């Protein structure tokens, strides 16, 4: 029997995160989701990307695909809980999912595909095979 | 025979749009996509949301769903072309798509579902039926 | 003998807050400073601006002047403390100051002039006299 | 007789740049100011910071001090002109000024002190003497 690790990241919605309609301007949700993604790795004991750039050549986890479903609006003063999991490990990518809630309310659900990225000769980023050490830390 | 209206929005990538890996931090792509969405309506002759709030009760086009596939990284100094279309009109929502390129390079593709939003009594946002006047302008 | 109220706001620096040089991209400091400004009023018991717009005509506290001195860089993983005070009340404006630290390190100091803003007929914002109720809450 | 070089950067204000009061949320002005700062150097022929990091050790122009006076509000749909100059060269810093206008309207004025920054051993950033080649390009 196994369970999937889940880490919760908390975000406060501020006045400046909202648009003239008075609700969160949606790119800000992706700001928090990206912070929650790295928070997941940090909580699992994965070092800063500056350090993994030296040791593994990994400069971060660039996004390849996101599918996000927005259910309820949020506004300033709200506190959001973002529950993060890695639900699938592939050869050179992984699936990371997010469930954003405000108390009992579901705000959004997001499913991403990310890679571990390395600098490509001549510019740009390439995917490297999932580093076993990082995967072990996140299990 | 008919054709779908396509409007192109141009964005410059700035230094501050990039992260410590030197590439665009992905929430900024959604910043430009949202700007391109409204630019589409503006180019079609749809008034500012402040005005439609008075005339139609429509305060904007909140996002319900986004599916985005990131193909190539971009960095500061790049100029991005964002080609926008509305590919489907439903009763209370519509599908808006984006193709982001840098010259010949495909950077990302995005498909969204949005609604025309009105203030709900007691807070929050609700979808209204597609306003015929807006649809006519965008055809 | 009197003392000035000081409220501390905490901000985490995230990966996406940093630029290709690996340090906080400075507009993000102003994002946190603005959040700390409203947090000050919220902690003093001042209602949301939506509510004061109804009761007092006050839609927020627009910035009139900022003088900010940056002392040390910060990077992702850092936790910042932002100590906020109102150091002067004028007829139609007030001075709000911020001291941002990371443990013992001073990161920046900021002194602002803000107003209580109301919608102006025909568009734009105008300053209103300091509302006595708000000033009393903040003393 | 001499004249100071002035470069103009143009920014469009988008819906998402505005806050619930319907006006530009002020940290976004600093986003545009920072873009205008680098645009000045780019127009003068200074290479990307990635390249100067290799040739001169210069990773960018971190901000040391800003004094900004906000005169009029702006909102989405506005086009802003940002006129940039370098008004003073010191040993290890320089003064860069910005005048932001919308047609005839003055929106804000900003005066900054910046340095040419290099990575410091053990982390952080230090100021280097003004590189003569860069100064010559900007004269």
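We call the chains A, B, C and D, going by the order they appear; numbering starts again at 1 in every chain.
Here is the rule we go by: a contact is a pair of C-beta atoms (placed from the backbone, for glycine too) under 8 Å apart; a residue touches a chain by one contact, two chains touch by 3 or more.
Bear in mind the structure is a predicted one, so any value in this text is a computation, not a measurement.
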| item | value |
| --- | --- |
| Chain C and chain B - chains in contact with each | A, D |
| A-C against C-D, pair bridged by the larger set of C-beta contacts | C-D |
| Separation of chain A from chain D, taking each centre as the mean of its C-alpha atoms, in whole Å | 31 |
| Distance between the centres, which are taken as Cα means, of chain D and chain C, whole angstrom | 23 |
| Chain A and chain C: spacing of chain centres that average the CA atoms, whole Å | 29 |
| Multi-chain contact residues (two or more partners), chain D | 15-16, 19-22, 25, 27, 31, 34, 49-50, 60, 76 |
| Contact set on chain B toward chain D in their complex | 12, 14-16, 22, 31, 34-35, 38, 42, 48-50, 60, 76-77 |
| Chain B residues within the chain A interface of the complex | 19-21, 23, 25-28, 30-31, 34, 49-50, 59-60, 62-70, 72-73, 117, 124-125 |
| Of all residues in chain B, those that touch chain C in their complex | 15-16, 18-22, 25, 27, 76 |
